[in-house]
Amino acid sequence: MGRFDEFTRFRQEMNKKILEQGNLGIKRFFALDEQAYHAGAIDARSKELMGLVASMVLRCDDCITYHVIQAREKGATRQELFEAFHIALVVGGSIVIPHLRRAVDFLEQLENAPPSTAL
Amino acid sequence: MGRFDEFTRFRQEMNKKILEQGNLGIKRFFALDEQAYHAGAIDARSKELMGLVASMVLRCDDCITYHVIQAREKGATRQELFEAFHIALVVGGSIVIPHLRRAVDFLEQLENAPPSTAL
Amino acid sequence: MGRFDEFTRFRQEMNKKILEQGNLGIKRFFALDEQAYHAGAIDARSKELMGLVASMVLRCDDCITYHVIQAREKGATRQELFEAFHIALVVGGSIVIPHLRRAVDFLEQLENAPPSTAL
Amino acid sequence: MGRFDEFTRFRQEMNKKILEQGNLGIKRFFALDEQAYHAGAIDARSKELMGLVASMVLRCDDCITYHVIQAREKGATRQELFEAFHIALVVGGSIVIPHLRRAVDFLEQLENAPPSTAL
Amino acid sequence: MGRFDEFTRFRQEMNKKILEQGNLGIKRFFALDEQAYHAGAIDARSKELMGLVASMVLRCDDCITYHVIQAREKGATRQELFEAFHIALVVGGSIVIPHLRRAVDFLEQLENAPPSTAL
Amino acid sequence: MGRFDEFTRFRQEMNKKILEQGNLGIKRFFALDEQAYHAGAIDARSKELMGLVASMVLRCDDCITYHVIQAREKGATRQELFEAFHIALVVGGSIVIPHLRRAVDFLEQLENAPPSTAL
């Protein structure tokens, strides 16, 4: 799937370049970002859905894409994703709608064509 | 006009898919969003200009595009649009400028080529 | 508990005044806002935690206070609340910290003195 | 009226101190800010309502207070103010609600007690 | 100085409570936040001014207060602070003004009464 | 370099069209925006880095691109740029990361191919 693979390739390539620069604070932030979604008192799927809602109200398309992929990998259903979208829409308002359109477009691509590369 | 038609096509196609999912809250939000701009104590053109200013300070390109189209259809002049842009620029600061550039670019396309499809 | 009661009293009094004005769109939005957190494919507690994370990254103290109360009423533990805080902190950055301080201050008040009025 | 007078006094005192510092760019920005709401192709009342909607979606209480005062002075009715609030609510989402409550509270104070000082 | 001491006391007390909860990710974020302003290729004073500008455009009063204190401790002059304010004002727009007023009010208090406690 | 030249061309063309419209307030804002980064008590390079941090936490790609170019022209090193990125990341959170990726991608293009046109 073109869009998914392109997203993943750019993400991995730039993360590599960013981390190679050797700025310790940025490295630690990247590690911290990943750990925030590990299962704890709250399960990993719910955490991904929380990250998804946060990304939607802050209107970050790449973050939305990432959490849609992760939430699905952790078993989130279409109905759960739309309930998360609903919360984001009510909290964040109509400016969330263009991001919702792109999220649903991406979700359909993801359902129709399995990604050829791991995230 | 390519950009206008592409904008409209994607908007209509994705709105259809979103509403077909059957999430009642999202459906109601979409209805509410549309009603907010109906004429009342404030006329429809002024409401579209308010939506435009709100979209600019929140820096939502698709929302800006939508309200530029609507404001023009309701009779807003170029001078009125630029006065709305001015308010958005002062309230929202220089980060609004890239969105202003794209808004003016879109406005010129709209003036030079009448849209071939209804919104 | 002073702060909780004051928060609830002002909230209820102003909601009443806002709804009495008779603006149909605002009324519908308030109804929609409440429905978004009803249990569905996602349970009510998880939805409150999602609302909490969204409120924190958008830095809305009153919204945080509201969702902390609701999440606790639906059984969220202190550990779950802090994991939600953690996600909000990583997604939203250090500007979330002042809101986190006030949230924890409020949480302690809530634990130490049961509210005397229903929300 | 206490709250209005306190708002005006602090505003005037600090603006004076800021401008006395002699930073030319800040001075010019303050002048620019004031000019944006002068009548032009769009009338002054509509511009104040636009400033109000922008302030609400950006959730700036002092800015909302200022534009409520100005809009009323330029003849905006309660119904017009609530239609502007409605647009802000739909565009900006439920995080606008706490600011809406404070705006309506302030509006009632303004209606019940005429300000004793000019803005 | 009352406001400074109250700010510092609440900040220290709540940070202590937050860190005592034992959420490792939050602890690490707090450490990371502090390290970001240590002198490196960029000196500590310039970093505090960068943190100040970022806090102003994101409109976080507590963050502004903190960076004003830190910038002054690292030798930033009043003129440098106002040039940083100017950049924040132009980038972030007129919604920054209420925060600028409070920042200048706080700065005057800081100049007139030396803090009695360390931050 | 394609991306740089395209960025510059569109920026210059649209700025010209915006200023030709004759809205005095917008003209003045553009002048003010440019002046904010002139050397004063703070040197021009530090001001560009401040503008860069502000642009990153507000997540404005075009603004980031502009300040990366300007900071480099004023002598900012790669290490200084990454320390500014670090501050932006900690203040603004993980939603800054996609913008950081694009900034580093752009920085590499800038280092590998000197721009053929002046900004």
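Letters A, B, C, D, E and F mark the chains as written, and numbering starts fresh at 1 in each.
Convention: a contact is a pair of C-beta atoms (placed from the backbone, for glycine too) under 8 Å apart; a residue touches a chain by one contact, two chains touch by 3 or more.
Computed from a predicted model, the values in this text were never measured in an experiment.
Q: What's the call on subunit D versus subunit E, same or different interface residues, using the half cut on shared numbers?
A: Different, since most residue numbers here occur in only one copy.
Q: If you tally the C-beta contacts, which comes out ahead, A-F or A-E?
A: A-F
Q: Out of A-C, D-F or A-D, which pair touches the same way B-C does, with over half the contact pairs the same?
A: D-F
Q: Could you put a whole-Å number on the gap between the CA centroids of subunit E and subunit F?
A: Comparing mean C-alpha positions, subunit F is 24 Å from subunit E.
Q: Report, in whole Å, the distance between the mean C-alpha point of subunit C and the mean C-alpha point of subunit F.
A: A distance of 38 Å separates the two centres.
Q: Mind checking the centre-to-centre distance between subunit C and subunit D? Centres are C-alpha means, answer in whole Å.
A: 27
Q: Give me the residues of subunit B that touch two or more other chains.
A: In subunit B, the residues touching two or more other chains are 25, 29, 32-33, 36, 55, 57-58, 63, 79, 83, 86, 89-92, 94-95.
Q: Is the chain-to-chain touch network here best called a line, a ring, a star, complete, or other?
A: Shape = complete; every chain linked to every other.
Q: Under the definition above, what is the set of subunit A residues touching subunit B in their complex?
A: The contact residues of subunit A facing subunit B are 59, 78-79, 82-83, 85-86, 89-90, 94-95, 97-98, 100-102, 104-105, 108.
Q: Can you list the residues on subunit B that touch subunit A in the complex?
A: Touch residues, subunit B against subunit A: 10-11, 14-15, 17-18, 21, 23, 25-26, 29-30, 33, 55, 58, 60-63.
Q: For the complex, give me every residue of subunit E touching subunit A.
A: Result: residues 24-25, 28-29, 32, 35-36 of subunit E touch subunit A.
Q: Spell out the part of subunit E that touches subunit B in their complex, as residue ranges.
A: 57, 89-96
Q: If we count contacts the way the header does, which residues on subunit B are in touch with subunit D in the complex?
A: 32-33, 36-37, 40-42, 46-47, 49-51, 53-55, 57-58, 63, 77, 79-80, 83-84, 86-88, 90-92
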